[in-house]
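Should a chain be cited, it is by its letter among A, B, C and D, assigned in written order, with residues numbered from 1 in that chain.
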Amino acid sequence: MIDWKLILEVIGILLYATFMGFIFMGIERKAMARIQRRVGPPLYQPIIDTLKLLGKKESISHGFIYDFGPVFALGASIAALLFIPIANFQLFSSNADLIVVAYLLEVPMLGIMLGAMSSGNPFSAVGVQRGLLTMVAMQLPYGLALIALIQHWGTFKLSEIVALQGAQGWSVTVPALLIAMIVFDIVFQAMLGLEPFDIITAPAEISMGPMVEYGGKHAAILFTQHAVQIFAETAFFAVLFLGGASNLLELLIKQIAVLFIAIFVASIYPRFTIDQAAKFFWKWPTILGIIAVLLTV
Amino acid sequence: MDMNEKNVEEKVEESRPELPDTREGRLVKALIEKAPYAEGSVRRERRVEFRVSVERIHEFLELASETFEMLMQISVVDWIKEGEFELVYQLWSVSESVHAFVRTRIPRENAKLPTVMDVWPVAETYEREAHEFFGIIFEGNPRLGPFILEEREYKKHPLRKDFNMLGHVKAIYGEDFDRYDESKTNYVI
Amino acid sequence: MSEIGNDGVISYELKEFKLFEPLFKWARKKSLWIVAFCTGCGGIEIPPLATARYDFERFGIMPNPSPRMGDLFLITGYVTPKTLKRIIITYEMMQDPKYILAHGSCPINGGVYWDSYNVVKQLDRYIPVDVAIAGCMPRPEAVMDGIMEMMRRIEDGTADGWKRYRENYEYYRRNQDELFGEGWREKEARRWLAWI
Amino acid sequence: MADLEVPNELRREAKEHDMYLHPIDRDTYELFFGPQHMATENFSIILKMDGNRIEKAIVNPGFLHRGFEKLAEGRPYFTNIALLLRICVPESDVPENIYSMAVDEIVGWEVPERAIWIRTTVLEMARVSAWMFWIMGFGNEIGLYTPGQWAAAYRERFMRLYEELTGGRVYHIYTVPGGVRRDIPGDRWLRQLRDTVEYVKGKMKDFDEILFDNYITFERTEGVGVMDKRFALKHAVTGPNLRATGVPYDVRKDDPYYLYDQLDFEVPVLKEGDSLARVLIRRYELEQDLYILEQLLDMGPPSGPYMVQDARLKALPRFKPPKGDAYAHVESTKGDFGAYVVSDGSHKPYRVHVRGPSQSHGVTVLEELLKGARLADVPVILKTLDNCPPDIDR
């Protein structure tokens, strides 16, 4: 028996998430431009970019894995999105969907790495190396922040966390979880690939890193993936710490608030080098994360 | 600015110019006493000049490097009528604030010179450049070869006076320059 | 690109989605990504173009470090043979459709370096140029005007340098080989792009 | 011509030195850094990498070589101004000035006071706008785009002033032997210059907060690319790079030209010699340059002609200076920029040789400093040395 309602909801949420993700990317570029005292591109610029990339004629491939990487990444992002309770829709659910989402959000990076490795470009290889190291480095504070959250609310279910926040106030209002949020926000910067942790793409050092060989339709898929990813990540943040949302508008406002913090941080900090980033992750965010965990015990 | 300059020709005629009793004069005198084979003179405030024969140039520069810490440039002038290259080592003394020209001349054919890389490591770049553009060989410099230029231009040593630039350009890029005067006879710069 | 150096012929997929072509044309016009390759002194006018006073990001133009994603190649000034080799390889690495905007007098006829032994006199002989801007150095307004002209041409389909390059590949290849000598791709370009 | 061949033994030695002729080992790889790269701009470095560390770097310049020195031998003295200024693109006034100074010295012209004032002002404006450009470059290399965008916009204010004074934005063709090409447009221009200087001075706080006083800027630059005093002197490193190692050498103080002996300014010196010191030196110098511009404006342009009065200038293309040679140098933002001009008495210079500061710090020094650095340090070292490829290539 096919659940037509679920399928329609999935398609609707996907279209909405992709579109809003592109708009978020547009907001990111526009806000950066305003900080830099420029007019900046229109908000829908990333959609045009993706269309243009789709319209390119490709003449290269480096084998199956190279083509498969971006698709794999996009699939993982979509899967993560479907587990997050977006407003009153939660499409998929399990008893431990927090863990599922937390790790599905990291899988896309692996997909890009997979594709980039097979391109053979040395810049890609360096980018992959950096990407994997960043992932390893950010796991510890990321995990600690989540542990603090789980310990406080006593559940792994995202929908329950939202409900509990509705009843007892947002997570941010709890001092221990405020610390956890700060930790999560630092990690969030790396998840979005923004400064000071845009080590993976680092245009001035390794010219786009893993993406250096991708062009045309591959790049279009990666762009779409990035859009879905931004939407999913901001929604995840809003659900965990900002009390979720009862409708899409509320969620949107919270997502944009989260996004703006990321943009402001990104526009005033330069980039770390990879070893500094790892050291940084294992120092302050980890200490703060441990404090948060201890406070919630 | 003090502009009391002297012509190159005049100085050749003066065998031992009187050294003025200034900072520059004393500097030149001290160096000449250590290296009597060199001719030294003061050109103006903060500009001194030495002439050294090519055989003892390395020895002299090593001596001069005690006062003149920096080698700013090695300028090569191609005096084609005399059949000689003139190398001007531009030295600067940070402690004394004096610029020195150390001049030496070598024949154009088979121009060879000892390198001064051991005195100033930066000479490597200057010598590579001088070799590339003039074909002078600096013995002991391991990196002589195409540096800025590609192989084809490098072989011709384009800054030599006998390099026919217009002919070279015509041969490679074609005759049509669109740079004639109204009578279509002469090129206009 | 993987075919480069074997027989010198670049294979292309010629499938075109006729239905979406107007949409793509519009998108191409509105989103020109510049390959980050400043090839001469004109590169100095790119930062003013990208910043507050002229801000070309308004029109969706932005520099991109990877040639694979680039659409617009700005030849910003004179081209020396040494650079031209890299320009050709970078141009061939870009994916169709791709456009070249020659910036300044020097790519047109050599400019002030008309008698220089190391400046390519007519860029048009080696790679196809879609729009050329005269002047030394062209003001940012002139460059913007050139980019607008490029957008107009993309819209009415006359910015077809990439098609010309494909159709007249023999001609361009012959001129390149004349300038650099036979086999320069195998000798040098293979070293830069060892992974291809 | 006598084709001079390099002896075979030399050639073999040179080949062994070029590592790219060796087969790549398995655990190391080579990276062609530039010229199609955001950080290097027309400059290529071949890096032999061992993981994330650089084992060996080979600088490969020459992408901008136009043969200026040869071209200058074929053009009359005054035409050369329009050619030679293209050597240093971000501050094109520097080559104009060194060439003009050298020709002035050969001819023996006393440049009028008004022209001297204008030349000094133009040079200082060039320095400030070059610093603005440098802030943009450095910010972009370390991934901080905001101050760079601001700085490039402030530079536009100077460009507008340049346009009004000289008619050109980037290439001004303004300083000529014997003076300058035209007079100051009027008092309004001076007022505008003062306003601009005040404006940029007010923005220094922003730059401090966001770039120079930033925790990550310190992290990125501290202890990266260290040189000591002796190394810097032996490699003829000049300018801010030398002053960052503790040598107070500034052409404006040590070989004063123009009005610099009447102006009051300090030469900032730091001892560390690393990238951070080089960054901070540049920040202090920007402040000093704004201060110098203020002093110049307080002084005001002296009245009088702006060009030397000489009958020979009536027939410019056939202008012939006497025989002789001269070396002139000025302090550019990159270092000591010098020109050696030889005249044989004809209407074209016999030889013009330009010493770009990047020639010394852009080749051997860069190769030395990159040895053992991380890949992420390459743009930082490149930009804190302030490497300008056209200086090397010419």
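Annotations
Keep this in mind: a residue touches a chain if its C-beta (ideal position, glycine included) is under 8 Å from a C-beta of that chain, and two chains touch if they have at least 3 such contacts.
Predicted model only: the values in this text are computed from it and were never measured.
Looking at B-D and A-C side by side, the one with more C-beta contacts is B-D. Taking the mean Cα position of each chain as its centre, B sits at the greatest distance from chain A.
Remark: chain B and chain D have CA centroids separated by 22 Å (rounded to whole angstrom). The distance from the centre of chain A to the centre of chain B, with each centre set as the mean of the Cα atoms, comes to 61 Å. In terms of their C-alpha centroids, the spacing between chain A and chain C amounts to 35 Å.
The geometric centre of chain B is 40 Å away from that of chain C, both derived from CA atoms. Of all residues in chain A, those that touch two or more other chains are 36-38, 122, 203-204, 207. Of all residues in chain D, those touching 2 or more other chains are 37-38, 62, 65, 67, 70, 74, 149-150, 153, listed in ascending order. Residue positions 149-150, 158, 163, 165, 189 of chain B each touch two or more of the other chains. Looking at which chains touch one another, you get A-C, A-D, B-C, B-D, C-D. Against chain D, in their complex, chain C makes its touches with residues 35-41, 43-45, 47-48, 50-53, 63, 65, 67, 78, 80, 82-83, 86, 90, 112-113, 115-119, 136-137, 139, 191-192, 194.
On chain B, the positions that touch chain C within their shared complex are 149-150, 152-153, 158, 163, 165-166, 168-169, 172-174, 177-179, 187, 189. Contact residues of chain C toward chain A in the complex are 1-2, 10-17, 20-21, 23-24, 26-28, 30-31, 33, 36, 51-52, 55, 57-60, 62, 64-66, 68-69, 71, 94-97, 195-196.
Residue ranges of chain A in contact with chain D, taken from their complex: 32, 35-38, 122-123, 125-126, 129, 195-196, 198-199, 202-207, 267-276. For chain D in complex with chain C, the residues that touch the partner chain are 20, 24, 32, 35-38, 41-42, 62-67, 70-71, 74, 82-83, 86, 89-90, 133, 136, 148-150, 152-153, 155-156, 159, 169-171, 390.
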